[in-house]
Amino acid sequence: MSESSSRAVVGIFTYMDDALEAVKNIKSAKLDYRMYSPVPRHEIEEVTYPEKSPVRIVSLTAAITGCTFGFALAILCSLDWPMRTSAKNIASIPAFFVPGYECTILFGGVATLLAILVFCRLPNVLRTAGYDPRFSHDKFGVVVACTGTQVDDVKRRMLDSGADEVDVRDSL
Amino acid sequence: MVNKLRFVFSGALIVVLAAFCPVSERGCVSQVALAQAGVPPVPTPPPYPTVGVRTGVYNDGQAALWDLNITDHFHYFGPPQRARGYKPEQPIKFSHVIHVQQNRMECQYCHWSVAKASYAAIPEVETCIGCHKLVNGKDDAAKAEIQKIKDYYDKGQPIPWVKVHVMPDYLKFNHKRHVKAGVSCQECHGQIPEMEEVQRVSSMKMGWCISCHRERGASIDCLVCHGHK
Amino acid sequence: MEHTHNDHDHKHEPPVSYAEVNDTVLKMLEPPGTGWFLLLFTCLFFLAIGASCWFYQMWAGFGESGKSHPIGWGTYITNFVFWVGIAHSGTLISAVLYLFRANFRQPIYRLAEAMTVFAVMTAGLFPIIHLGRPWYALWLIPYPNERALWPNFRSPLLWDVFAVSTYFTISATFFFVGLIPDIAAARDRATTRFRKVLYGVTSLGWRGSHAQWKHYTSAYLIFAAFATPLVVSVHSVVSWDFAMSIVPGWHATIFPPYFVAGAIFSGVAMVITLIIPLRKAFNLHRLITPVHFDAMSKLILLTSGVVSYSYITEFYTAWFSNNTFERFQFWFRPFGEYWTAFWGMTFCNCIFPQLLWFKSLRTNITFLFILSIFINIGMWLERFNIIFQSLTREFIPAAWGGYNFSWIEIGITVGAFGWFGMWMTLFIKYFPSVAITEIKEVLPPPMRNSNSGAHH
Amino acid sequence: MEGQIVQLKGRKERSEKAEGSGLVSISRRRFLQALGASTAVGAAACASPAQQEILPYVKPDPEQIPGVATWYSSTCTECSANCGIRVRTREGRAVKVEGNPNSPVNRGSLCALGQSSLQSLYDPDRIRTPLKRKASTPTGPQFEPVGWDEVLSKIGDALTKATNKKMLITGELTSGYSDLVEGFTSQLGFSHVVWDPIQPVAVAQAAKMTFGTYGVPTFAIDKAQVVVNFGADFLETWVNPVGYARQWSDSRRSDHPLRLVHVEPRLSLTGANADLWLKAAPGSETSIVLFLIKEMLARGRGEELSGDIRAKLKALTAEVDADKAEHLTGVSKEKILLVAEYLASAPSSLVLAGGTASATADPLPLLVAVNFLNIVLGNVGKTVNIAQMKQPASSAKNLAGAIDEMQKGKVDVLFVYGTNPAFTFPDSFGFDHAVNQVGVYGEGSGKGAGLVVALASHLDETAQLADYILPVNTNLEDWGYATTPGGAISLIQPSMRPIFDTRSAGDVLLSVASSAGKSISGDLKTFDAFVKSNFLKATAGKASGNVDKFWITSLEKGGYFPEAQAAASSLSGGVDAAAYSLNFKGKAHTTHGDELVLYPFPSVKSFDGRAANRPWMQELPDPITQAVWGAWAEVHSKTAKRLGLAHGDALILRTDDGEVHVPVYVSDYVHEEIVAVPLGQGHSAYGRYAKSAGQGSVYSLLPKQLAKDVDTLPLLGVHVHAIRGLGDGGLVVTQEFSSQMGRDLAKTTLLSAAGAAATHAASSHGEGHGSYGAHEGGGHGEHGEVKQMYVQREHPLYQWGMTIDLAACTGCSACVVACYAENNIPVVGKKIVSQGREMSWIRIERYYDSLPTESGGEELKVSFLPMMCQHCQNAPCEPVCPVYATYHNEEGMNAMVYNRCVGTRYCSNNCSYKVRRFNWFHYEWPELLDWQVNPDVTKRTVGVMEKCTFCVQRIAEAKDIAKDLGRSVEDGEITPACVQTCPTQAITFGNLKDPKSRVSKLAKNERAYKVLDHHLNTQPSISYLEDIRYKA
């Protein structure tokens, strides 16, 4: 959201295609918008966020780090105080595969969680302008931030695309 | 003159040392104070040599903070008997300062078995009496303490000394081997000669032993200390 | 999508709508009734029994449990393997089936995942309970310490520490991430202040904006990708506790696949055991349909086959190896002193499930419930046979010995169920135990011109 | 670390917690740990050490360096063999007893009984002050402590008052005491009665009949090629077990091992080690002996004898033949002829008889016949040494007479010392009633004028009858000397100060004498002075230089041990004519219904009953049955079926005189007609352990009957009713499976022809296939070349290893007790053993196998396999431990670090030898028993795994000493407890790295193999040498 905006126009849609229609409409007007939906739909993604999510990169790097860490931990700990058990090697790599492997997944998993939190701006303590509880129920929502002058235009675009209702709120 | 210089020097050394070992500070500083205020020993030969004390739990930076600082230093969690600064009250106010520092007695004069056996046994009451038949102490306080020894001896009772270096079970420590390997008493027990009351200045935790064993290339095979005792 | 459609078609029911899903599921979160409290207190009571037994065991000495020389492991490790096994189906259903886009998973996977997390929490207790000196359990963790010592990374038990803790962390995370949007939904419907706060906090202020969904879905996919190999690895590692030893009856290369199959087998059974009463209690008949049970039954049938095959292989290897000790061990299991355990296992795991070849039984809820209980028992017996029968008859006949069950062990075993039940009970009442969002996902989205919605 | 000084204090704390005989107690610390774990406050938090005191000596003891052991030489008086011992003391406390290498009797070894003498010293139920009888309550007599002086004055009065007989009953005494008592009795007009139930008196009397001198000859078992033995259990309890076991093993390790044939009704330890074991009907052996005599004469043996003797013998054996013998004994004719063949063909031989088999109502015929056979075979002077004889003084007749006199009230004063007739003499003689009659008709006052004084250290059945009990020192606190037949004088000296207000029995007798105005030996007031003067008298002239110096050195050496002179003495006095007129027709026992012939035998566990209150001996598994804690009744499986008895059932043995409750032990190795029960269990007094083990004493079953013209008690031959009791008899055995299942754990090499050298025996392995040990390529020197997956471990200086020669191991279990003593192994009690949780680090596995015979049949082969930690080079237990509590150290040892152990028990699961022991509970030593705890070895706490450490504390000590000398440890400097005590020296320990060490030589022997190694490639550090057996 650009700081210049002062108003938030909230459109509430029953039908997904209507909402997407509205989004396309808004986009064409080069307006800053946000779309809420009760479920993730690839149709929405195609319209709103076609490029890939960076989460994957984070996970991959973390996983690789984890693998290295696991093996390093096992090897270094064994070498720090070399103790023979049976006739096995001090640093017996086959055995250390397990810690290596588990750390890979552990690091990867935890990093992914962090990635979600970061990229989704969670936890989010502020009240989000234009959010409506119905969005988590069965309604689709399109929120547009705009200047007072643009409000009517935006309202019209939404109603045209079939919004059930549109209301205008003071943006933060 | 020279002696005086040496004296001051050693005092300074002790202070520096004290700075590095926070807990044994009390012992050392009080000693310095005493040394400066107290009568200079007559005749004034060189004070008892000080040897670096291995204080703290350090193990090439491996020891965890909670072990080093919490468990040991402030002795939270874990018995105070096993932490640095443990200074139990003894049945007799025996001063190593007077005996060792001022009167130059060798450790092994009293702790005679230290080079003969794994135990550095506490001297027999008779050993004390040996001198204290004649030595009766300068002031009343001293007299009173010495009288206690005599009473114990006459009653044929052992003196119930309180153990300062309480070690856990499962541990075999052989004093003989360490003494013969040239480890000085102070390295582990601290500047006993300068302690009015004996206290525990080093953590004596496993990592502490191991670091020294590693440095000196002594064996770190578990069975050296564990497994039998 | 077609899949779901066809189901609905031949059910002749109107398709379930977003709103209905929301309402049905959130209905489950309505203030608990006496029945729920009764359940909770029963669990707590069992838990209390278990806890007191454990304390008594620590106080009086480990001998209070029935272990002996030569049987070093018994009920506790059996329970450990049993619960880890239970834990498996959860991640399997949620992750593996997610990757395979098997849509029958949606209504049951949340419960399965909850089960996973709580089962791992239960399983994790037993390695500690079974220690001679549990107060030193932390020595298995590689943390820098004043002893300058590290654990032995060559020991399968240490692998366990890694495997189980990782498995717990990952499945818990996966579980929580899946929950976030649903909690958000619950938050937006919450009435009481307590719930408002609870959900407000736990949903992390989730809004469901398009960006959030984008990252969320891709992350979720990655989680699934991580969790899937984990399912396989964890129980392999557990099986290595045995396979890596030289005990006749343990030292077998077939163990990892065998254990994994067994885990899935028992896990799915446990899901059924839990989901049938839940479905009844909260009237989820439209969300959890016979179709799902049918699918799960097929899974059981498959894994039962794999498990039975493994049993046979064990015997074959023992015979073919011409190894005195192996041969004796596998003669001893069916015909020795403890034959009941063996044949009990065989019936529950190999014979009884075969009835599932009949479609009518696959969708017969009562039958499935009974069967699932039997399978749970059978799988417990399987672990018991492996661990305990092998140890009673090892290499040196002079050292052969028996086992003496103690009420302490039984108490702790009961306690484990109490512990597990407690978490389950709390969960179903405070968090959506059916995945709102994911069910919505497989529903056709509301479209003004619906023919475009059907295909994508 | 704390050392005994601190333990002193520790003991007090513990003793308050120690429970009676349960031996398990839970201290507060356990609870703290429980909490510690629950609240996840880690290791440090839970065990908080109390403020500890260090108590120094008041005066230094010149002999003591704190932390360094002091050794005192002395003599073992557990049985009459009088082995030399060395007592290890720490800070003035005896902690271990070991054999004295200087002694010619045991040559450094010691048996289980001797090892356990410490627990007689530290018996928690010892009498601690003089006691005075207060009253007799139903629960038993009540005593109150009194002062020594009071008692002594009382005795003084009694002696002056006494008009009737004064009597002193003692056990079989060491020479020191018998000399003293001789003087005492003669001076104070006492009559002296000696009673010891299992002295071989009959043998001595038979010797008198045939050889002209009363006494038990010394036998040279190692000089005989063939030994035919009729029940003399010389490897377990008979005459001189340690010495004879050593002879036996020496011979078996020589190039010409002896062939041992053992004939008896019940498989004894000696029988188990025999090449041929023959099961004979009880009391029927005579017929075989006679047949052998006949056969030998017929084969022209005994030509050198006088015609008269030969004629008489021919006449004597005229009508016996193999068939009759077979009919009587049940031993097949072939076997009997086989034995005859052995004897005839052997260049040297020996025939023995003794033990229970000969303790019949009429033992002389058998024993005399055996002597005849020895004469005919010309063994007298060769293998039977009648120049060096031991004269047992025990006399059942005298005791019976004494009882009779007491009954009649003819006795005013009775002293009892060192014997327990109230237990070991059948109740049917009524000893206890008789004691009450002492002094009844005393002059003047009526009842009560008499005085019964017990000089005892334990409150046993006899002591309980006394008016006054004078607590006397045990052997380890006492002075004395014992002469051996070889002419050696073995000194007894105190190894520590008396623990309690006790005195030496010798001092007591001396002071009694002096208070009565008599002097026993000049002006010697104390017993130690008496001992010294007598010793110096006896060795007069032997002393080189200063006498006192000689005395001191002798004390250090353990006595005066002259070179054993050659035993050249043939028949001195002629054969007593009466010998021929004995009734040699052994009568066969005919039992019917639930009747069985009672076969009581002294076992290594309880001997005649004196070891019954020693936890070690109670917990020690009997070598044959593996039973622990209390008695058992061995019944043949057929008989058991007939009587409807099952293994472990409760059984009641009843005679008119008493009854005994014992569990049934079903075995195939007892005669169908007998029920074999070990002696010495079922005490009604004597201490907590003795009382807790068993109900009813076997002695109480015996009738009021003495043996015919012999001074012994007939143990064998009583008919008892065997009645099945209710439910379970409480039989606890540590080994339930007796078959090797073809797993060739204990292997055997067959010696085909007599005299085949054991070292060549490996060539006969071909015959070795079968249940008793096949050799599929494994187990031998060549096994080392197995291709290894891992780089093998390098051992810089030492690689400790061990060999155990199964050909020498008799299964006597001395090593087990030694291990308990050395390593502070807790005794856990019957209940916990029954759960399979005994803590013993060594177990003697016993397997019943069979060997093929020349005739194609099969013979019983009993294998003993001492099994302890094998210290494998590829140890399965090591890699599975998550915390390195067990690992492999540089010296090739499988190290176990107790305080690192968290108790996963994975190592135990993975140990293919099952030699690891887990501390299931926190075991406490009852007060006083914990004085024995070895300060060099830690006590393990609950939840910790433990196992054999090769006595690592001794290794450490040896290395310590070597380091002071600036060299490395040399071969033989380290002897683990088991190695040290082994009577047959079957175990060898040493450095495998050093090719010249004995152990590495033995490990390369053709007989050497490693258990399970060729199955599992565990590469144990312990090599076993295959057992050897002659092919029957």
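Labels A, B, C and D are assigned to the chains in the order they are written; within every chain, residues are numbered from 1.
Just so it is clear, a residue touches a chain if its C-beta (ideal position, glycine included) is under 8 Å from a C-beta of that chain, and two chains touch if they have at least 3 such contacts.
The shown structure was predicted, so the numbers you read here are calculated from the model rather than taken from an experiment.
When every chain is reduced to the mean of its C-alpha atoms, the one closest to the centre of the whole protein set is D.
Chain pairs C-D and B-D differ in how many C-beta pairs are in contact, and the one with more is C-D. Mean C-alpha positions place chain A and chain B at a centre distance of 64 Å. Work out the mean CA point of chain C and of chain D, and you get 59 Å between them.
Here the CA centre of chain B is 50 Å from the CA centre of chain D. Separating the centre of chain A from that of chain D, both taken as means of CA atoms, is a distance of 82 Å. Residue positions of chain D touching 2 or more other chains, listed in rising order: 42, 876, 879, 881, 884, 887, 889, 900. Residues of chain A in contact with two or more other chains: 80-81, 83, 85, 88. Residue positions of chain C with contacts to 2 or more other chains are 148-149, 151-152, 154, 158. Chain A contributes residues 14-18, 34-45, 48-49, 52-53, 55-56, 59, 63, 70, 73-74, 77-78, 80-81, 83, 85, 88, 92, 95-96, 98-99, 101-103, 105-106, 108-110, 112-113, 115-117, 119-126, 128, 131, 133-138, 162 to its touches with chain C in the complex. Across the interface of their complex, chain B is touched by residues 1-3, 5-6, 41-42, 44-45, 47-49, 51-60, 65-68, 884, 887, 889-891, 893, 895-900, 936-939, 941, 949, 952-953, 956, 960, 963-964 of chain D. Against chain A, in their complex, chain C makes its touches with residues 17-19, 22, 142, 148-154, 158-159, 162-163, 165-166, 169-170, 173-174, 177, 180-181, 184-185, 187-189, 204-219, 222-223, 226-227, 229-230, 233, 237, 437, 440-441, 445-449, 452-453, 456. Interface residues of chain B facing chain D in the complex, by the touch rule stated above, are 71, 77-79, 81-82, 88, 113, 116-119, 121-127, 152-153, 156-163, 166-174, 176-177, 180, 221-224, 226-229.
Remark: chain C residues 143-149 touch chain B in the complex.
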